[in-house]
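Here subunit A shows up in two complexes: once beside subunit B, once beside subunit C.
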Partner chain A sequence: MMGRVRGIGTARKWFRKHRIGYLLILPSCLFVLGFIIIPLFEGISLSLTTEEFGGRGAVFAGAANYVSLFRSDAAFWQAMLRTLVWAIATVAIVYCTGLALSTLLNQDIRGRAIFRSLLLIPWVIPNIVVASIWRWMYHDQFGFINSALTGLGLISQPIQWLSDPTLAFISVIMVFVWKYTPFMTITLLAGMQSISHDYYEAAQIDGASSFQSFLYVTLPLLKPVSITSTLLLSIWAFNHFDILYVLTGGGPSKATTLLSIEIYNRAFFSLDIGYAAAMGCVMLLGLLGFAVLYLKSYAQTAA
Partner chain B sequence: MSDRRVKRTRKRGLKTVLVYVLLIVACFFAVTPVVWTALCSVRPISELYLGKITLPRVLTFEYYKRVLDQTMFISYFLNSVKVAGLATIISTFIGATAGYSLSRFRVPGGHQYGVFLLLIQMFPPVLLVIPLFLLIKGFGLLNTHLGLICLYPTLTLPFTTWMLRGFFDTIPRQLEEAAMIDGATWLQSFLKIILPVSGPGIATVAIYSFLLAWNEFIFALVLVQTKALRTLPLGLAAYMEDFGIRWDLLLPSATMAALPMMIFFMFMQRFLVKGLTAGAVKG
Partner chain C sequence: MGPAVMRKINITLLVLISCVLLAATTLSAAPSGKVNLRFWTTHIYGPELEQAMKELLDQWHRENPDIRVTYENIPGGDVQAKFMTAAKGDNLPDIVDGWSYQALQLAQMGKVLPLDDIYAEWSKSGVLADIVNESAYRKFYWKGHYWGIPWELDIRVIAYRKDLLEKKGLAVPTTWEDFEKAVLATHDPKNNIYGLTYAAGFFNFTGQIFVPFMVQAGGGILNKEGKLVFATDNFEANLKALKFMTSFATVHKVTPPGIGSYDWDDSCAIFLAGRAAFSIERGNVITRLLTERPDLAPKVGILPALKGPAARLAAGFCNPLFISADTKYPDEAKKFILWLTEKGRTMALFKARPGQMWPVRKSDYKDPFFKNNHLLNDVVKGVLPYIVDMAYPAPGVPEMGAIDGEKMFAAPVNDVITGSRTPEEALKAAHKNMQRVFDQSKATQAR
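And now, the complex of A and B:
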């Protein structure tokens, strides 16, 4: 539409106008390029090869990895299912506990700051320390839990918290809940504190009980915060690796092998890099659905 | 009338008691594992493997001495301090420049870039770690701290950028405009006007970055295999693998890894809470 000379002139002007803005974003872009974008594409291209550690090097294999992944990899789909159950269970429990605790902390009582500090403690404990601590808590002979239960006369045989497959899955869910509940509590508390007092007064004038105003005022107004924080937590739960890797190593008999652990083992123990990358790509595809939801809700909250 | 009032106050009193009881129970669950670990780390060996819940009768620091003398705990700790410290500086710097640009310059594509940053938060680390291992190995950066120091700021970018962008947005533009009219360049106005009032925002971002780098495990696990270069999480995991589980080493080192975080957190709680909620709550 424009003449070429004028076009160049405008481009130069445009560039000069935005030069500093772009210059300031540049360092950030370089890091993202080097550590996210390039690895991502490298990962996708690896997934199309038969790359193995110490093998003959990558051979292009087209969709072969994906075909065998979808056709015959029972372990992968079991891990996928397990991860979904894990994510739904942890997020549901964390949300309910977080909601209860934030409601309690939002009451007009003394010592709120102290309670809040104490409840936040699990959040600052590094995950590997969390795993060590709980491995000691769950210890069948010397652990706190079995000692306490024996001391109270509730059990006579020690409970095998981490050696029984079903029990181990429940035990690790509880550890994740312990670590991540503070996040939900504080987020929801901040959401509750940003609700104007007028709503509650209006509800009270209309004769609402405190339970009714919780149900009809707090919960609806908390919806945006709830959605964003729940989605964020779902993503963390779905991608989770470190606590379980150290606490149970994915065992006993794969009962706590989440997708991340399955993929990690495939890449760094079986040394099947190409295949593991394909598993990772399928996992990413599943997450992108979440991502769209998250972005939508974030845009709504920020607007 | 007065009867009803008495009833109401009594009901309210009952409710307050209930709130306290529930909060105390919750705090018990939150704190017990940490306190129990710390208590066990100072028990003599005769009281460690009892299977009973008692307070330690004698305090001993022999396990601490053992960890510090016989294992490489101190160098793990210092490695973590170094990696997390440098990563925090880079992370805060690139987050601040990008956040400032998104807040003030509004370049075409800037907003889309910000949204893209949110998206990368959900890429599975385990997918990225495989190609990163090969790439970093290719550049000869395997078994160095440099790889981690540059990687961690990238992982925190979504948070740092959005947090600081939001923070800069709340600083009135008129201040800078007035300075610009007086002949200041954007750099001078950034350094003299924006930075001095951005303390809380910068602190929040720095704390978040430090926590992430201090805690990070999977990337460190893959990118650092030399014993001497291990960060603290790797060192702790090794106490469970290298020697079987050595509780006498694990309990004191877990305590020592958690303690600085807890003390730090007591002083910095305001910023930590702010960082925690920023991701999900507007403002």
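And now, the complex of A and C:
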């Protein structure tokens, strides 16, 4: 009994000592709970119901939404495939472009600070504005791109950037690349600048060329930064919505309808919220699985 | 840090939190004895309309000092998500100026008050007979009740260049055949002028401009009973309409080649730049001509409703005012919407941006404002008498909200223009998607 009382007393003392710390993290905890944890569980529970905006209350449906999703929803799987292609293409292009630019900006060139600042412009422009700007840039009659290509004598007829299904998909990838390359460049540049010069000097003494130094010193030491930034970018690409929705509406002929747009339409226009939640959960599971495998493979390589 | 200091910090925090909570409560509470009504609008865009709405509300507050109305305009991109989540969270405003089928979609959720008493009153007082046509309010009738009242129209028109027609010695077309001839004749690639422009992108507008062609061909999405007949009973008629509408781009090639990605704004910009002889538009083209191209406006006219193989009809979508079922003040809310829809009351809105919003009352069109502008007058004489809703000939069908929202009847036009599907395949694919909405709705109602 005495021991228990002493234990409670110690706990009280400990709590009194750390009270301020707990008070300070309380708002963040409440935020995470209110805006992430509860909505997440709400989403999962909705996916197990027939909840519809048009209905008057949810009915438990078990795995019915998931069954029809996996068995008969061609539109969902088409959107899933499109989203995978989109995510792989955008992440690969953004990473390669970012790597090239960060390598350039890591050199001792004149006006480096100005270039670095200019590079950030696409990153700071809101997505809706980005979509509107590019919509006009791609316009077949008034767009800057077609005008420039015509002016240079490279084309005689305007290119249908957004009305040809295949070209539209490539065009929206390019907008995403334009928007997110600055993030990758700055992140990789920071990673490069944290690499000690001693490694490069040692490589130089061993007779390594610049390319070999890049291949055997820079790239391996950039790996932790690359893993984190590409993982983040993959998540953003997979969840992407606003630029595409404004730029193409998901068209032409659904060629740019990603999973996020399919889910949005299903939830807010078809009002089938339970089914849309199931789609969202499958998307979440896919992303989680990818992230776990990605980080695990990195951990294995690092070990 | 000693216990005394900690106690002081705790007391200070407690006092601060109490003050913030007290201030918040005081600010959100209505002044004693007053009713506070929240009013969400979805059509009051631009400073001119906002000013006109503000003046209307000022007048209301002078006449009704005890009923305060606070209005908020919801931007287009946010409307559906905001309304549906508000409804789900029991937080809809008292009064709503909603999209065409929102009243019925929300009524399905039990979130809207029936307004049959207003209709009964309007029927007695003759107001109902003053509404532009029956379909303008029949669309709000579902399951034995009226869920919204008509208060403004959103119309689809074809704008044309009078000077280019005159140059070719052509009369104003009134039939499909004449329209086709005129478009082909005025197409002038040497002078960089397209015969026709319209938005055929994967956007809602594309479907909405397909409506007049469908009904002119004797087709449509639904039959009189509200049953989906898009690619069944109406297949041949809708196919005729789809082929006619898309042939300008796919067969005759007299449209800008990029229309498969256009939203209405892209197409309108081409017409305003003087680069097209005909353009399928919303009424707002008049607003833009008058403000952005006053030099071009006298050379432009609005075509009368075209006569197709089956009928002379046009498209006009009536938007509703409705009252949330969650309101604590249904009587005050009804009082406000009756006041707002009184004869001539909203004329300030229609005048603020001519062509953007259109009255639903025939008597409002007697205002000289409509006669004095040749573009508005063209619409009043040649288009308004023929307008029908997208659900024509059916009355209220809540499923039309999802069908329009998911761009299901925009898809066939977009599919054909971009070469992704044949007209036959495009109609059948769209029908399949629409059927899903009806099946889902049926299952919901059964539960």
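To be clear about the criterion, the second predicted complex is superposed on the first by the 274 of 303 C-alpha atoms of A that agree within 3 Å, B and C clash if a C-alpha of one lies under 4 Å from a C-alpha of the other, contacts with A are read in each partner's own complex, and residues count from 1 in each chain.
Everything that follows uses one rule, which is that a contact is a pair of C-beta atoms (placed from the backbone, for glycine too) under 8 Å apart; a residue touches a chain by one contact, two chains touch by 3 or more.
Just so it is clear, the structure is predicted and the values come from calculations on it, not from any experiment.
Asks: With both structures superposed, pick whichever of subunit B and subunit C touches the larger number of subunit A residues.
Replies: Touching more residues of subunit A than the other partner does is B.
Asks: Which holds for A:Phe269: it touches subunit B only (first), subunit C only (second), both, or neither?
Replies: So A:Phe269 only meets subunit C here.
Asks: Of the partners subunit B and subunit C, which touch A:Gln204 in the superposed model: first, second, both, neither?
Replies: neither
Asks: Name the contact category of A:Ser68: first (subunit B only), second (subunit C only), both, or neither.
Replies: Neither: A:Ser68 stays clear of subunit B and subunit C.
Asks: Looking at the overlay, does A:Gln157 come into contact with subunit B only (first), subunit C only (second), both, or neither?
Replies: In the superposition, A:Gln157 touches subunit C alone.
Asks: Is A:Gln78 in contact with subunit B, with subunit C, with both, or with neither (first, second, both, neither)?
Replies: A:Gln78: touches no partner chain.
Asks: Let me test your reading of the model: by the given contact rule, A:Leu104 touches which partner, first (subunit B), second (subunit C), both or neither?
Replies: The first partner, subunit B, only.
Asks: Once chain A of both complexes is superposed, is A:Asn239 in touch with subunit B (first), subunit C (second), both, or neither?
Replies: A:Asn239: touches subunit B, not subunit C.
Asks: Where on subunit A do the contacts from subunit B and from subunit C line up?
Replies: 20, 135, 141-142, 246, 264, 267-268, 273
Asks: Please output the residues of subunit C touching subunit A within their complex, sorted ascending.
Replies: 1, 6, 77, 80-81, 84, 87-88, 105, 108-110, 201-203, 256-263, 266, 269-270, 273, 275, 398, 401-402, 405-407, 411, 414-415, 417-418, 420-421, 436-437, 440-441, 443-444, 447
Asks: Which stretch or stretches of subunit B touch subunit A in the complex?
Replies: Per the touch definition, subunit B meets subunit A at residues 16, 19-20, 22-23, 26-27, 29-34, 36-37, 40, 48-53, 93-95, 97-98, 100-102, 104-108, 110, 113, 115, 117-132, 134-135, 150-151, 153-154, 157, 161, 186, 211, 214-215, 217-218, 222, 232-233, 236-237, 239-240, 245, 247, 250-251, 254, 257-258, 261-262, 264-266, 269, 272-273, 276-277, 279-283.
Asks: In their shared complex, at which residues does subunit A touch subunit C?
Replies: 19-20, 50, 52-56, 59, 135, 138-142, 157-158, 160-165, 168, 246, 248-255, 264-265, 267-273
Asks: Please give the residue numbers of subunit A that touch subunit B in the complex, ascending.
Replies: Where subunit A meets subunit B, its residues are 18, 20-22, 24-25, 27-29, 31-32, 34-36, 38-40, 42-43, 46, 100-101, 104-105, 107, 109, 115, 117-129, 132-137, 141-142, 144, 146-148, 150-151, 178, 182-183, 186-187, 190-191, 194, 224-225, 228-229, 232, 235, 238-239, 241-242, 245-246, 259-260, 263-264, 267-268, 273, 276-277, 280-281, 283-284, 287-288, 290-291, 294-295, 298-299, 301-302.
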